[in-house]
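In structure tokens below, several structures.
Presented sequentially are two complexes of subunit A, the first with subunit B as partner and the second with subunit C.
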Partner chain A sequence: MTELEAGRAETLVPVRSGAALQRYRDVLIALVAFAVLASLPLFTGSKALLDFLIRCSAYGLFATSLNLLVGYTGLTSFGHGMFFGLGAYSFGLIMQKLGVPIPVAFVATLAITAVIAAIIGAICVRLKEIYFAFVTLAFQMLIHSTILSWASFTGGDQGLRGGIPRPVFLGINLANHVHLYIASCALLILGLLAMRQIAQSPFGYTLRMIRDNAARASFLGIDVWRAKLTVFVLAALFASMGGMVMALFVSGAYPEFAYWTISGEGIFINMLGGVSTFLGPMVGTVLLLLLNDTVTRFTEYHGIVLGVVILFFALGLRKGLLDFVADWFAHRRETGEGR
Partner chain B sequence: MDLDALAGCLSSSACLVTQTTSGLIIGMLLFLVAVGLTLIFGVLKVVNFSHGAFYMFGAYFAMTAYQLTGSFALAMFAGAAGTAVLGLIFERVFMSRVYGADVLMQLLVCYAFVLIFDDVVRIIWGPEFKSMGMPAAFQVMPLFIAGGVVPPYYLLLIGVALVAAIVLGIGLSRSRIGKVIRAAAHNPGMVSALGINTGLIYGGVFALGGMLAGLAGALAAPVRSLTPGMGFSVLIESFIVTVIGGMGSILGALIGALLLGLIRSFGSLGFPLFTEGLMYLFMVIVLVSKPTGLFGKEAA
Partner chain C sequence: MLEIRNLAKSFGGVKATNDVTLDFPDGSLTAVIGPNGAGKSTFFNLITGALRPDSGQVLLDGVDLAGRSPPEIVRHGIGRAFQVASIFKSLTVQETMLAAVSADQRTSAVLHKRFPLPETRDRAEHVMELLGLAGKRNRTAATLSHGDQKLLDIALALVLEPKVLLLDEPTAGMGPEERWRMIDKVRELWDTQKITVVFIEHDMDIVFKIAPKIVVLCYGRILATGTPDEIRNNSAVIEAYLGTEHAGAAA
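Here is the complex of A and B:
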């Protein structure tokens, strides 16, 4: 169905002639980024740094997938964190109960997420703006309450304890810290690359058109509901990947992963980094995690510090950091040419 | 799941009365918070994510005033008036800067204040659970209605909330200020052109909303424990109330709050672990069948 829309969209939205070139460039950047990240353990033995980057991978996948909804499609989801929690829980449960190899559990979790996201999305994406936000929030809390109350299966408020088994697969031992780190980076880079392809594809431009003028998109023959549902499910898959990385990292799953605050943090990360650039959420992720880590080290009142920083971004810059930088560069280039 | 307990309660008048009153006080407190939320949304078109903080401050103000003066009436006044002033300052200094901005930006400012206010309370009053205690005037024998136990304080609480609902409803539909507020909600540019200070109205509505939440907090202080972050669950529940009742509708907030209160009190018997889940399920059902809420107006 996306091909069909893509075909239509292509005639509507002029895709840049250098699309193939840009794709090669993206792949090249991804390869270089992965090479740099993967060679990091050769230079530093710092466990804290690697831990930090693993957490960045988990949150980065989640936040960037949320940006597909918020930034590209204009769907402000307050419940995107449910798929983060869902990924963590279903991955953990499959590994604990069935003992299958990790890639099998990985694919199975993605399949489960896709089905659930399709059902929830089918209900939600019909609704507009603030109502969409609240229904997604309600579903998030519904899943959170289910996890809490179905204690015999999910461990209730204690979370999924006892550790997630991490059997060796093709020589990759995720119980080994460096292996886990490299696997997380690989997932992050692959996920980002895939999301970049979605964002730059004709389907991605269809989403931007829906964001800017859904009625017009509909007049032009695009099935808006279908396109929104498709991106809702796609975004859920990447969020679920983030959840799986998190579950592997902490070797468990906790109800907080499915609590609405995760969604709130995702929105916050997006605002911090900026929603109009692809890498904005990634910048936001690093900023928020750095901020959290440093502030909690210095004061127990990190709420005040975090709040003031948010206010600085919201009232001072009025946009995310990367948006601000991008605008600043654009402005400078313009004035530079004018001279 | 414990459906036997629920069925047993429904067949006993004593249990029925007890559960209904406890549902009503949950509902009435929720109504006071939610009606402020819905009022602010209706007029300012802002979803006040920090509304729970006003509930929290109301409770803490009331507790401090009660400890200082020993007067319950003064404690209620301190809770309501203190949060009204806070709401006015908050709106004029911060929220008024982001009216034209993205909804996300408004949410972000509110989110920042949720974090800040919680820590402010932690610094001033300490992180531990506090309790205001039941005022001496209400430490009397509970009433027995059809075998059910009803503490007199519950009746006061329900009465105050009902009075607030009636005054608000009549004030908005009949009084001059109410008409101006409704006009400002409809077309602020026109109201402003007619020489009315809309900034003052926005500030006033925000203060009124904050005051109602503060009053709810003050009323809840004798029966609930006080802790930083106590506003949060109330905030989420009053969101559900406004969404179920329809954003911007006062009657909707009342009905939604009472329904939710009853779901909570009876749900805790039948589904002790899934009570919260029931509320969200109810919200999903309402929104799917009628996206604008039970009493919401269709978007133009």
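Here is the complex of A and C:
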């Protein structure tokens, strides 16, 4: 949808101002979205709603970063959840063991994630489709078992217990529910804005070329391996941010955060929301969490219900919800122009 | 000047390219012909880095490019188009061109600016005009006709401003009329752009009509090189390749 809009804008105005306008529009949308989210606590005292939105922030960052790999680059990672878990554990451990200010732990966690993602990525991105998927899954299992077996450091299957200390910084007290909520929203919006910039940059179009035809891209002088590694590391950073939001929310970190089912949920979310639009995974996140929360209230067989919904999207619509909406608009515009 | 020196490549026991030595002077137009399996595409793949030669040299203006990677060879100025149009199906014509220019200007890894960069615009525009694709700039590549996809493939090679352009069967899969339009385009590009063009072609009428110089490959070796007249009258070529078909055409 967004690419179609960009194309339309270019025929009306020169490229330079078209690209600049698009950026201003994105920033404006982000500011409005943040203002709306941040003012919510003024209107509602519902702790459940705010909790829901914090979880949406964590999963939304994670799922959107996965879409940079799956939707934009054509790299279907089955192990992206390892960076979610890595973010939660690194952040939690640094806070518990070192007692540094939260921003320091935040940056340190991103640095650790970048190094580990670069090592894992260097091994994985050379592999083609299914081999890439399975080797990323293998690394996920490796990290999960490391967490389980290194109990003296990670707490093993009990997770990081005793809570994560949340000292006040810059007047922000993340132990306060509303503060935590607003900080989560801010991280989500900033993360989305950064990922949107990546997707719409020259590098973003390099990723699309690699997805469509990697061999041709290399005959244009593009170093495919380096571009894939770069996006693998970038996506890991945002997944790690999602993990940190989750760790702050539950004030701990648990092995499930690094289990392969997290990666599976990421793929589910992308299937639900759609991978052809930037906000598809965000829509998918809200859908999946809503489904999860409502269905588990009514039945313990929520897996069956979720499975049926996934099948409906995969076999019925053959695309995610936002893909479907975008196609419908594109179709309507085309027939409208034909008249 | 593109100089090929003793280039060789074997697959198992089969010598796909066998001690090939050729010169392509600057600004020349050369057709490469040969029966199926003669090693024409392999020859192109060796020059462009898609395959690594067993031995020999590929000298472009004196620099040996043999065995280097495709991105490196492209950057030295050898561009290519493919037998089956090799394009980016979800990008529009304009996006394809702009992204290719970005790749050539080494801005394809830029993160902090929006696509497209203003400095990529003129070159993309120029090549779209040149190949008659400007009117279809907002069409997604997958929705283009077969002929336009082939043109887009050539545009992708051309927008990098190569010194040497290799076209692997530019008319493959086209009807008779479309073929001539395409080959006229190729000839026009060669005339106006002053680049070295080498193309593989199956249609003998086309080859004899437009190529000033022809190279005949057979079983990986050079069977003959020369002008259309020389090739037409070369007994080895008639025997090995043109055979009765040519005798019939000449009659």
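Following the convention adopted for this analysis, the second predicted complex is superposed on the first by the 322 of 339 C-alpha atoms of A that agree within 3 Å, B and C clash if a C-alpha of one lies under 4 Å from a C-alpha of the other, contacts with A are read in each partner's own complex, and residues count from 1 in each chain.
The rule is simple: a residue touches a chain if its C-beta (ideal position, glycine included) is under 8 Å from a C-beta of that chain, and two chains touch if they have at least 3 such contacts.
All values derive from a computational prediction rather than experimental measurement.
**Student:** Thinking of the overlay built on chain A, is A:Met141 touched by subunit B (first), by subunit C (second), by both, or by neither?
**Tutor:** first
**Student:** Taking the superposition as given, does A:Leu180 touch the first partner, subunit B, the second, subunit C, both, or neither?
**Tutor:** Neither partner.
**Student:** Of the two partner chains, subunit B (first) and subunit C (second), which one does A:Ala19 touch, if any: first, second, both, or neither?
**Tutor:** In the superposition, A:Ala19 contacts subunit C only.
**Student:** Touching A:Phe313 in the superposition: subunit B (first), subunit C (second), both, neither?
**Tutor:** A:Phe313: touches subunit B, not subunit C.
**Student:** Who does A:Phe219 touch here: subunit B (first), subunit C (second), both, or neither?
**Tutor:** Second partner only, subunit C.
**Student:** Could you look at A:Ile304 and tell me whether it touches subunit B, subunit C, both or neither (first, second, both, neither)?
**Tutor:** first
**Student:** Just subunit B (first), just subunit C (second), both, or neither: which does A:Ile198 touch?
**Tutor:** second
**Student:** Tell me the contact category for A:Ala227 with respect to subunit B and subunit C: first, second, both or neither.
**Tutor:** Touch partner of A:Ala227: subunit C, not subunit B.
**Student:** Where on subunit A do subunit B and subunit C both make contact?
**Tutor:** On subunit A, the subunit B and subunit C contacts do not overlap at all.
**Student:** Across the complex, what residues on subunit C touch subunit A?
**Tutor:** Per the touch definition, subunit C meets subunit A at residues 48, 69-71, 74-75, 79-80, 82, 86-92, 94-95, 98-100, 102-104, 107-118, 121, 138, 156-157, 160.
**Student:** Which of the residues in subunit A end up touching subunit B in this complex?
**Tutor:** Against subunit B, the touching part of subunit A is residues 70, 76, 123, 126-131, 134-135, 137-139, 141-142, 145-146, 148-149, 151, 260, 264, 267-268, 270-271, 301-304, 306-308, 310-311, 313-315, 318.
**Student:** Considering the complex alone, what residue numbers of subunit B touch subunit A?
**Tutor:** 47, 94, 97-98, 101, 103-105, 107-109, 111-116, 118-120, 122-123, 236, 239-240, 243, 247, 271, 273-274, 276-277, 280-281, 283-284, 287-288, 291-292, 299
**Student:** Which positions of subunit A touch subunit C when the two form their complex?
**Tutor:** Within the complex, subunit A contacts subunit C at residues 3, 7-8, 10-11, 15-16, 19-20, 22-23, 197-198, 200-206, 208-209, 211-213, 215-223, 226-227, 230.
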